[in-house]
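Taking it in order: structure first as structure tokens, then the write-up.
First chain written, first letter: the chains are A, B, C and D, and each begins at residue 1.
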Amino acid sequence: MSFEKFLFYVFAAILVFAAVMVITRKNPVHSALFLVLAFFNSAGLWMLAEAEFLAIALVLVYVGAVMVLFLFVVMMLDINIAELRAGFVRNAPVAILVAIAMVIELVIVVGPQRFGLDEVAAPAAKPAGYSNTEELGLALFTQHLYAFEIAAVILLVGIVAAIGLTMRRRPDTKSQDPSRQVTVKAKDRLRVIKMDAEEKA
Amino acid sequence: MEYNLASLQPALPEIFLLSAACLILVIDLFLTERTRLLTYGLSLAALAGAVALTLYAAGPEREILFHGSFVRDPMSDVLKIGLLLISLFAFVYAKDYLIELDILRGEYYVLGLFGVLGMLVMISANSFLTVYLGLELLALCLYALVAFHRDSGAGAEAAMKYFVLGALASGMLLYGISMVYGATGQLTFPEVAGVIAGGDADQTVLVFGLVFIVVGVSFKFGAVPFHMWVPDVYQGAPTSVTLFLGSAPKIAAFALTMRLLVDGMGSLVEQWQNMLIILAVLSMALGNVVAIAQSNVKRMLAYSTISHVGFIFLGLLAGTDKGYTAAMFYAITYALTAAGGFGVITMLCRKGFDAENLHDLKGLNDRSPWLAFMMLLIMFSMAGVPPTVGFFAKLFVLDAVISVDMVWLALVAVFFSIIGAFYYIRAVKMMYFDKPIDTAPLAASMDTQVMMSINGLAMLGFGLFPAALLGTCRAAFSG
Amino acid sequence: MLETYLPVLIFIVIGTAVGAAMIGLGFALSPNRPDSEKNSPYECGFEAFEDSRMKFDVRYYLVAILFIIFDLEIAFLFPWAVVLDQIGMVGFWAMMIFLGILVVGFIYEWKKGALEWE
Amino acid sequence: MDAVIALWTELPVVIQIVMKIVAIMLPLMLLVAYYTYAERKIIGYMQVRMGPNRVGFFGMRLWGLGQPIADAVKLMFKEIIIPTGASKTLFLIAPMLTIGPALAAWAVFPFDAGLVLADVNAGLLYILAMTSLGVYGVIIAGWASNSKYAFLGSIRSAAQIISYEIAMGFALVGVLVAAGSLNLGDIVNAQQGSVFHWFWLPLLPLFLVYFISGVAETNRAPFDVAEGESEIVAGFHVEYSGMTFAVFFLAEYANMILISALSALMFMGGWLSPLPQNWVDGVFLLDDGFQWLLLKTFAFMFLFLWFRATFPRYRYDQIMRLGWKVFIPITIVWIVVVSVMRVAEMPWWFN
């Protein structure tokens, strides 16, 4: 067994283990952290497939950004764990059935008899100067240009939706604007009124 | 490939709508509460401009752009114009409702425009990648719109359900697409079709991929047994959103199915025909039967939608140009009808009162004979009563099914339509023969009234003269 | 290509192991005499009450969401910058449009006050 | 000598790599130790104090040079307190997650032409990914401690770190546009020439943004609200003691050194000599070489300390405003400017 193969099995084993832990841990924070571990190992698998840009981008975007939001949400929301557990146990038989069906289906579809080395030749190892990023850039900005622009629109809608649904101006804040405090003039605050002296009654 | 104004001409409607939506988004930021209606006006102008550009770019030939990811053909022209016009109706109806409920914010129109853009992308998609991105763009806008009324718990819950199930459906679709890609090694539809027709692709993988794609499409369409989200979302969303959600996306869903199943995997018609038969029969049966039991009018229309989706599938599964024409005719006219139906409901709402229940329709004739008549036409059209357009839509679909020797299916469809007619007619009966519960006068702004009149009379107009629209639909597939 | 990443993998493993080893060393060398006062979470002189993990302003979530979006944008910019010489003006303008669309989003954020921490 | 080289090449690759890693890590640790000493000394002198000057070696004071060693030994023997209600595993994992990426980022760092442990193509991306992991240690530490102060500090800190990471990422994209490669060695080579060919000049706004974001990213003064002693005692690591605290401390300083070294590498020509190449060719110490990189890195490290001694702490809303409303617009504009320069092949940098 070559070293690459060995690494593949290590990454794959940890990945499966982490994925199982994600759905079985009691504490959602632990689940989220196992998901981080799972992402790391998939990044390792992608790296083995010589997709260096995608592998590192997976760490950058999913581990570095998406999971941070996940953690924010699961850490700071009061999630009733007991209630979730009840649903878990009740639905477990169905879920296991679906999972088994999916596994069987996957084996049928992507098993070695269809995508094995006999059917699909292994890609040639890339030369040392090969840059995965460059290949990706070339494909993205010529062939998939249209899809790329739609992705921008989707991100824009993401911004609009996130802000439109959550943003509220809080009326109760007492923030100060120092520049306005400094530039305040006496006549803005104080009004001098000319009054006739009142006669003593 | 060179990009300039001339070579980009087929994509002009999309480019224009994108620019317009971005511009409106920015302009809206600088508007005050009082001038907010400018956003509304500009959005209508944007849709109208997109219609004009679609007409300008239209033609009988097929044009491919952006390395095969974009296509403009006669089918896309017709669908785009229908989609844009129906969205126009939806935008107009929504305005009064939003003002009454005090949730008139620019985001409604901006998200609506981006949703329309997503649908245009889907209609003109020529590759799996584009169709998926268009679908996601639409879905994202719809999720946000369903939760648009932020103080409404029901809205948030509906949005959550919609989002979770929608994400699941997207996952299914993507899974199926990845299998087809794995089997064929191609992303654009003509090339995928070529590989499949050539017999080089592995059949098992293809069929598994097809199953997942059909499941994903049915989720998006809301066909039984993937319909769970439809009633809850229709009911929970603000009516102005239900109105948008229930109308235009049906056209986009039709386009999605056409592109994926017919353009991409046309030679697998035998396989998907059987799947669609099951979906169609179940949808018609469950939709029509369950709708009878509903007392909430939005929920009732949701189940009615499910049954109509069954009919659209019926046309598609014929697998002939005649069938596609009929399904297209059905999708467009149904979208228009649904926009009108929900439009009438929005007009019943006013400050602090959200008309939702069937008995809110009672005595509508006494309160506003004109509105009641429009609703009558719409209900008749949904039920398929001649001479409204709904009758002909059903007729064409049945004709297409019969001509591929599936008479039993046509009989099933007729049977369930008759059951369905019951609850539409019941609504009409309530409007004309029951005493009103609520006698508050109905006020609608001028533009709404005009659009509603056009909408209602169109039910009659297309019904009396179906040839014009049918001819257009037919032309879309003759090329 | 893969062999250049082997040192990276080993470095990650060793880097984390160093952290673990130092903490292990700390446990091995240091005394362990816990008492309930010493182990109580820090508070300004009074007993800690209520759960310390509380809900907080939605703004923090918003920052995290916006961060994801901009991070994705950066992920798109990387391959673009690498092939800028090869993709010509089409590629250049494609990214300008992309940036333009996201700048619209940025203006929206700004005007809506999502970047305001009052 | 030949025998030594032969022996070296005979070793298994993994052992070679491990030895190289040790050769990077040990000096780094030493540098961290004496960076803390330098910090106290320099800030001391800036505040007209002496700084540490007692602890020396062998009975001699030696300007207090033994201080970091003494500190390390002391921390080793301090009790590690795990607060009640804390999640024990996560509480202990958090410091490891902080130091791991801070060290691992050095894997792709070139110290001189060709002198790099892993000469990967996507070096810059890897660095960005590693720095983006630093936030985990902070979040987990704050949450696992089960303390309000730690929790507040960690949320504040996490939001701050991710905000500045965007500005940093954009600044790196600018470097990338200018250099046309993700490989750190190539980035340095693209700055060949003299001090006026380095990227600090064409990328001046990005350079400033990058370094200031680096200061904010490491939670250093004046952006240290996360620790904000006067408000929330010590922020996310308030509950940490002994070696667990030491690891956080170490990671913070390792990150500062990393930011300094990267600034030197990407904007200041790395190991290149500031003088034109034909003047210094072959001249000892003036020619391109590691000594220049070291010098430049020390200059940036000094800036960290200078900032701390000079600037008062920012308020949290000011920090967020600076990151989102000043830095991000600047970087976006400048990326456009640089790419236009690049596409138009305008000034002399980009030929």
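Rule of thumb we're sticking to: contacts are C-beta pairs under 8 Å (C-beta built on N, C-alpha and C of every residue); 3 or more make two chains touch, one makes a residue touch a chain.
Nothing here was measured: the structure is a model prediction, and the numbers come from that model.
**Q** Which two chains meet at the most C-beta pairs?
**A** Highest contact count among chain pairs: C-D.
**Q** Taking every chain's C-alpha mean, which one sits closest to the mean of all protein C-alpha atoms?
**A** Chain closest to the assembly's C-alpha mean: A.
**Q** What whole-Å value do you get for the distance between chain A and chain C if each is reduced to the mean of its CA atoms?
**A** 11
**Q** Between chain B and chain D, what is the gap in Å from one C-alpha centre to the other?
**A** 54
**Q** Let me have the rounded angstrom distance from the C-alpha centre of chain A over to the C-alpha centre of chain D, please.
**A** 25
**Q** With centres defined as the mean C-alpha position, give me the chain C-chain D separation in Å.
**A** Computed value for the inter-centroid distance: 16 Å.
**Q** Can you pull out the residues of chain D that are in contact with at least two other chains?
**A** Chain D, residues with two or more chain partners: 120-121, 125-126, 128, 132, 143, 155, 162, 165, 182, 317.
**Q** At least two other chains touched by the same residue of chain C: list those residues.
**A** Only 1, 4-5, 53-54, 56, 60, 64, 67, 71, 74, 78, 82, 90, 95, 101, 104, 106, 108, 112, 118 qualify.
**Q** Note the residues in chain B that touch 2 or more other chains, in rising order.
**A** Counting only residues that touch two or more other chains, chain B contributes 18, 22, 25.
**Q** Sort out for me which residues of chain D touch chain A in the complex.
**A** Of all residues in chain D, those touching chain A are 87, 90, 120-122, 125-126, 128-129, 132-133, 135-136, 139-140, 143, 155, 158, 162, 165, 182, 317.
**Q** In the complex formed with chain A, which residues of chain C make contact?
**A** Residues 1-2, 4-5, 9, 53-56, 58, 60-62, 64-69, 71-76, 78-80, 82-83, 86-87, 90-91, 94-95, 97-98, 101-102, 104-106, 108-109, 112-114, 118 of chain C touch chain A in their complex.
**Q** Which part of chain D faces chain C closely enough to touch in the complex?
**A** For chain D paired with chain C, touching residues are 13-14, 17-18, 20-21, 25, 75-86, 92, 95-104, 106-108, 117-121, 124-126, 128, 132, 143, 145-151, 155, 159, 162-163, 165-166, 169-170, 172-173, 176-177, 180-182, 233, 238-239, 242-244, 246-247, 250-251, 316-317, 320-321, 324-325, 328-329, 332, 335-336, 339, 342-343.
**Q** Which residues of chain C touch chain B in their complex?
**A** Chain C residues touching chain B: 90, 93, 100-101, 104, 107-108, 111-112.
**Q** Could you list, by residue number, the parts of chain B that touch chain A in their complex?
**A** Listed in rising order, the residues of chain B that touch chain A are 18, 22, 25, 65-67, 69-70, 105, 107, 110-111, 114, 117-118, 121, 127, 129-130, 133-134, 136-137, 140-141, 143-144, 147-148, 150, 179, 182, 202, 204-205, 208.
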